[in-house]
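Each of the next two complexes has chain A plus one other chain: chain B in the first, chain C in the second.
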Partner chain A sequence: MTNFMGNNSSLRDRFMNKSGDGGKEMAYTVVGKSVRKVDAVAKVTGKAMYTDDFFERDMLVGKILHSPYAHALITTIDVSRAKALPGVEAVLTYKDLPRISYATSLPGMIGADLDDNEDLERIKIGTAGHPYSLDPAHRDVEDRHILTKKARFVGDAIAAVVATDDLIAEKALKLIDVKYEVLEALTSTKAALREGAPLIHEGCEGNILASGGFTIGDVEEAFKESDHIFEGEYETSIVQHCHLENQTSYAYQDPDGRIVIVTSTQIPQIVRRIVAQALGIPWGRVRVIKPFVGGGFGNKQDVCIEPLNAAMTLAVGGRPVKIELAREECMIDTRTRHAFQFKIKTGINQDGKINGIHISAISNTGAYASHGHSIASSAGGKFRFLYPTKALKFDPITVYTNLPVAGAMRAYGCPQLFYAFESHLEDIAKRLDMDPIEIRSKNLVEVGYVDPISKTKVMSCGIRECIEKGKALIKWDKKKALYREQSGEKLRGLGMACFSYSSGTYPVALELAGARIVLNQDGSIQLQIGATDTGQGSDTALGQMVAEVLSLPMDMVHVLSTQDTDISPFDTGCYASRQTYVSGMAVEKAALEVKGKILSFAASMTDIPVDRLDLLEQKIVYKHSGESVLTLEQVAMQSYYDRVLAKPITSDVSNNARINAIPFGVTFAEVEVDIKTGKIKVLEIYNVHDSGTIVNPKMAEGQVQGGVSMGIGYALSEQLLFDEVTGKPLNNNLLDYKLPTMMDMPDIGVAFVETHESTGPFGVKSLGEPPTITPAPAIRNAVLDATGVAFNRLPMNPQRVFEGLKEAGLI
Partner chain B sequence: MFKRIAFSVNAKAFNFEVDIRESLLEMLRRLGYTGTKKGCGVGECGACSVLIDGMPFDSCLYLAVWADGKQITTIEGVAAKNGELSVVQKAFVDEGAVQCGFCTPGLVLTTTALVESGQDYTRDELKRELSGHLCRCTGYQSILKAAEISLQEHSCSCVDSPHHKQPAAKIEER
Partner chain C sequence: MYDISGYYEAETVAEATALLAKNPNLRLIAGGTDVLIKMHSGQIADAELLSLRKIKSLNTIRKAEDGTIVIGAMATFTKVFNDPILREMIPILTEAAISMGGPQIRNIATIGGNVCNGATSADSASSLFALNAQLKLEGHQGERLVPIRKFYLGPGKVALQPGEILTEILIAPDDYQGFGGQYIKFAMREAMDIATLAVAVVCKLQAKTFAEVRIGLGVAGPTPLRCLEAEEYAKGQEISAQTVAEIGKLAVNSAKARTSWRASKDYREHLVEELVQRALKKAIVNAGGEELV
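Take a look at the complex of A and B:
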């Protein structure tokens, strides 16, 4: 079987190249290639199984009674008529939920104790998908019951029904008699912050969930040294993720009484922990399984329906119960993106160099904390890397209101903050009569910058090259000159905006990832990861990394797409744009361990010293020549069946990434504003990203296009609307919400500047979330360029633009 | 109330009683055709599209009883019986038009109907034809490209069309 490869020049060249100089010039064979997405065929043939595609015999249906009032106390709740309806198996209210004093009991107490003693405190939970913290001060605010006695927004879960089918469950909901004492609905942060406003959560004075950011240097001193001081106010609206698959889950008890939950989530391990906490049971009593997920964008980085689903199955003796949210429910009773109001003050010199920035922000978290103040703080933390200044002060507050709960959404506070700052900087450039690119260039970060707070060092930075590339793509100089003299009813303009982000949450939170590899008899491998693919393609990217290390073709790498807390290695999940970077480290480590074991095993078979061997294209080869000594399959077979040496080759590793990497990028946009109608048309838009090495160009392009389209929706049309008095949602459906359709999308141009990030596996930095950050400010700045009117509030929908143009005297 | 209906799904014949309140979407999923996805249930998102006698419909808005006498194609019936992907499926895979995959079955089916219509479409017409399908992952770029590539190779039943190709023989009903 031994095969000499001396004549195979292409293989040899590649081999020599790989082992040659190493380092930056290392050529990858699988990483960097647009290999086919590992689940694409399953998804185009309808074979991919999502949560709702699994059937359990006699599955019951769980439905939720939502509050019709934004702020109300339940005075009485009578479920007797609902319970009497044939086909109803259980009705749950706050009275049935576990109390802290029972927190160590085993499952089964749900529904068993109906004593309506309100003084006994019931368990409250925090729902955010953050890793647990051993430090109590660092944990999420626990302000929520599974079912509430006090409604805090229209849609709050008051009661729940388990029935034999949908129609009976719906009917039963109508038979629950609830009497409310209606309280004043605080539908804006202004109303919630008003002196004497009613408290949404007892003990939370002023309805302020949290406040505080950071200070670098002395901003007041920096302002004194500045030639100019500029101030601006900017505002964003509430938007929703609108993943195509609504939140859905089903739960049952296995024969040992453990609760099994199959759910559409980004964070199975965190779901398991929060369900256990909510029910006051040991964490090991809960098992969570994540099949294919139909998009999440952060909304599924939160625990919305699973604790209730677990309570439902316990209430019916462990029989399977399914909760499938309707779109209208999903749009108000899961999570939204925080609306922000910003006040920014900047001190700048005549030459465009910024001395100091002071950003104040009010973040609207809605009725419950969820991710709470983390959104504001995290955005501030990511902003610090773009324009380092002598002095920067960020002081956000996060406020409760009687609106749906805000949580994580793609880029976690950054679309808000960068919209505000990049708009502000554009306004400054205009006032100083500077080119927008020039003013940014004067202030951009350089490689080697160390953030004074996180101590994270910028190891790679391609932002300047990104700007150059974007500028050329959109033909900036040519069009700028062309549009200088314009008149008529349709005006064109150019705009741009930059961002910085991060790759994971370190040092704020734990960044643990796990990977497991098994070498099969035929030399193929299974890769198990705790990282969750929710459509973005992490399974493929991580599979490519293994293929790279082990020099395997992709069809020899089987990635297990399902995560199961009983089986999968521990990983905190899909959020913070962390998986390619952080989970990639674990995967690389696992693959290197397997490679080492393969070579050791081959050494034991051949008596060739292990350091003389390497793995190349499914063969064990001499390192110096590329000459083949064994096939990988021979080693694999021997590792399973050798009567003396057999020891199947596997690895099971965990990686605690105590490091971070900063990706950068820019959006360039060209718009045409129809003065008569206020309609903005995006003519051209380019996103150029420095995300380090691009693992899979085609998938990366897809991430950017999807993010840009979400950013265009954020800029131009999307907004959840509420009645100002009652807090009732007005457009919680896909028809009225104005999600962009194919007809609304311009061609989206994508380009990359590939730096090599030395801290990342294969030189990668994050890519999934960043594309959605800067389309809105770039479009806003282009509209300013076209019309001279600054739109400081999102979305810039035709009505708002029309009003703005009218105010400015253009109409 | 129940009513007996006879119909076919991917050329397999069915004949049974359905609850007159049930939607075609619910019935198909109950029969195990779970590739048909529910994104809204009220005809806003297009995820549940199936072909009824070759025409794309939102199956959530189509009552199961109306399927009487119809030939229904779901995503499970698009690939050849030996598993070979159709031109449209292949284009979606190759162009990276699949991310989370929840909108994919509906889009593949509508694109299939466009291909089978034998007509040519401009880019804008294609965008309009596909605009009933919402996608949050891709920004539609790769989907549009996949549709364009699918149409380049489309077969057409019009004998005078440059894309003329004999259509596959219709499967006998029941």
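Take a look at the complex of A and C:
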């Protein structure tokens, strides 16, 4: 892979002073270095333990019966034949699940088969991985049962079997006799919004889960003042995360009757809460453990299998039960990315300055709310920072359909919104005959901008430098000139697209993070965090921060990778690109506290005033000269064993980040379109990011490459397809769902413009999700440049491109 | 977990055919990359498997004295790809082999399994169609040769009689000597994918004309097929862009494309026309002709 990161430090020098931070230059020794990922060896040697690697004695297997109908009521369900199969330990249906009035104690509530009429009393849950809100108005919509009596999509969980092995469980599923009253399947937002359409959820009029966005200024007024008005419509597809490790968990009751769940999740604390809520039991009766996780990309920022898994173990007297979804199940009965339809209207002056933007959107959330309307709202909130205008109106609606449930997926609504807007802006540039870079430059945000709604202030912004860098890397001017005169069967073009994002969810939601540090006898430390590393490398980045503060080499920093809700500090988990920024604050705080305690202890040992001391390379040194007075190990040993003063040095902190920081970036892409076959090849692609300080350049590069490859799949090939009439999935497997392979990837160029974000620990801003936002619009704009054809619907797969080129008369 | 109720292994073809004759429920397993997928999806349950992996004689690829190329049914795609004889004599088969799956799949999947699975998308099939391959089928009672075009009966259906095993794939010298060829796998991905359209073309030139052109297509109908009308037309025609264009057009007449969610009929036919031309243009060069511009 091409690496454009050689000149990081010079970039940092160059841009730091401009970044609006008052030019405070920091020299870090561990932060900013490509130290080896703390779990690299464990992962490469296969020693890292994932959920499926753990075995419990007498572990049973749990399997799920999924609805074959997209919209149907169960009229009868008879499990007697399944129960009679030898090896079957339990069969569960909606009838067995806890009712609100009964579900207060354990055990015994599972399997108490009462009559059907009380269905409405059964507990409903919201599954989204959001922190709990004390304000009921801010809680997620609770619209789902663990097992349902009304199927709302093909794949909805109807019943479950616990058996001694997979094959018996599979056979038992076939022996469950279900009769359905089949209802009309609403397989598109159009169908769901149709007047008189059946209701997917009782009481949810018009199948609209929620609507409403925000308004800044007066768009109508702004349009009147504009030289031009442009309108466009854009559409994205339903895609899936395709994390390597499918949802897997196992659950059992410990000797005290508490439910223990080991699960592949991004959000152990939230899983704990939702499982307890789903069963109607006190939260403290649930313990959730997160071992190594094989990717999540937002799909594990949701609670999919754990409540059912808990119910399963309760149904078999607390014996361990494992659920491991097959890929085919995972692709329909976990979460997907919301498909959006956009209508955008923009008022702009002849010189390219935008006066007003009106974005309407319809978001398809599928059968249950999950993250629901948050996806649309959040995307709007992040978009506000890129091109501030006098007037901006965003009015999305989120609609239920009889399709798999959409939830969080990397960049949370932004890939959709930025695809639409950056395509729209490109169309405008073309109509105004302006350079795409110039039109953007006219409208980009400046440092100091305060968002009128969230009140978040842009403290650092390197977007202009990102554009300059990307433009140079792809040789924009030279190639633009070269491709002006081309003909033949293969046409080339260039495109770019910009984004803004955020670092965590403040002020929309709570941003709490916890960290705990223990100084060991040898002067090494343990770092415990509630933040979850799901492969992205947060353990390493957070470990680097501790190493930085305590001036330790990385091999003296032991990061505990497992989160356990009984043991780990509280943190809401891995989502919203929050951990390096938000959890980093807690980690920095914890490390500073330990540093203070070390120096105080050293002061007590030496009688040197504490303010004269510092910690440097595992020694306590005089601040003024650097002369060593004690080794860190001496202090550590004394802190454990001094007969009078002994008091091991630890910290245990929490940090409530009531602030946010805005990262920026750009994708530049060069494509070649095979006019005769409709195939698009990405020849070169560069992502340039302003994510503040880059804690670990190598890891950051990997993060960007992964995000870009997801973006390329989103642009060119990925989409989950369903039969329009029945709602049956057509391609819920990795053969028919065209997730690109390594062979489909161009070299992905990565570069950073390192600003210093004064609100973040060590100057960081987020980087987790952003890389995946702009590849699709950049590629789309490059295809427009090459062919003159605007593809306003994703993915731009060969069939679609063929149709588009044919319509344009190019074939 | 796979629903396997019995598993047998044979070390010779005779042993295998005897076992098959005794127990007609036995299902052959070679590399298992189709069989196990079907078991995973529940299409095959309660399976009694007879493995051919220990039959050494089915592994070899050789050139017989008369020039016939003999490919053992158990040759893996990796072996096919790396085989020096095939690389030299019929590279359209080695190109097909390397386009298949990914390295792990190619290391275990066999060419015999590919053909016997009966899929129109089988990557070896369109090349074997273009090469007029013959299949040697052996049963307890004896053996017979079947031309590959007669072997494919329908989607997933092949002309294996109960108790028969495919042992060898034969390509006669007249069918490959003096030919140049080209295989194009058009798929949505560059690896780990099933073709949207597969085109295998071989041609033999005589001065400035086509002596013979044979075109095999995969995924252009329920089974792999040949474009006989186009082939007939090509005979004796001058080698020119116009002729090639005409051959492309005529090839569409043999295709039995239809619209599915994977691709439209219109698009598939367009691809047949375009890719047959592209493959033929390369095949001309590989047959010693000049590049057409």
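The definition used in the following text is that the second predicted complex is superposed on the first by the 778 of 811 C-alpha atoms of A that agree within 3 Å, B and C clash if a C-alpha of one lies under 4 Å from a C-alpha of the other, contacts with A are read in each partner's own complex, and residues count from 1 in each chain.
Following the convention adopted for this analysis, contacts are C-beta pairs under 8 Å (C-beta built on N, C-alpha and C of every residue); 3 or more make two chains touch, one makes a residue touch a chain.
Computed from a prediction, not measured in an experiment: that's the story for all the values here.
Asker: Looking at the overlay, does A:Thr677 come into contact with chain B only (first), chain C only (second), both, or neither?
Answerer: After superposing on A, A:Thr677 lies in contact with chain C but is clear of chain B.
Asker: With the two structures laid over each other on chain A, which partner does A:Trp283 touch: chain B (first), chain C (second), both, or neither?
Answerer: Neither partner.
Asker: Please tell me which partner, chain B or chain C, touches more residues of chain A.
Answerer: If we count touched residues of chain A for both partners, the winner is B.
Asker: In the overlay, answer first, second, both or neither for which of chain B and chain C A:Tyr132 touches.
Answerer: Neither: A:Tyr132 stays clear of chain B and chain C.
Asker: With both complexes overlaid on chain A, does A:Tyr28 touch chain B (first), chain C (second), both or neither?
Answerer: The answer is neither, since A:Tyr28 touches no partner chain.
Asker: Using the superposition on chain A described above, determine whether A:Phe230 touches chain B (first), chain C (second), both, or neither.
Answerer: Neither partner.
Asker: Counting only touches as set out at the top, which of chain B and chain C does A:Asp53 meet: first, second, both, neither?
Answerer: A:Asp53: touches chain B, not chain C.
Asker: So, does A:Met742 touch the first partner chain B, the second partner chain C, both, or neither?
Answerer: both
Asker: Intersection of chain A residues contacting chain B with those contacting chain C?
Answerer: 167, 734-735, 741-743
Asker: Residues of chain A touching chain B in their complex?
Answerer: Per the stated touch rule, the residues are 34, 36-37, 39-50, 52-53, 167, 241-246, 292-295, 297, 324, 326-327, 534-537, 698-699, 701-702, 705-710, 733-735, 739, 741-743, 745, 747-748.
Asker: Within their complex, state which residues of chain A touch chain C.
Answerer: Of all residues in chain A, those touching chain C are 165-167, 170, 328, 676-678, 717, 721, 730-731, 734-736, 738, 740-744, 797-799, 802-803, 811.
Asker: In the complex, go through chain B and note every residue touching chain A.
Answerer: 21, 29, 33-42, 44-45, 47, 74-76, 78-79, 85, 89, 92-96, 98-105, 108, 127-128, 130-144
Asker: Across the complex, what residues on chain C touch chain A?
Answerer: Where chain C meets chain A, its residues are 1, 3, 41-42, 102, 186, 188-194, 196, 261-264, 267, 270-271, 274-275.
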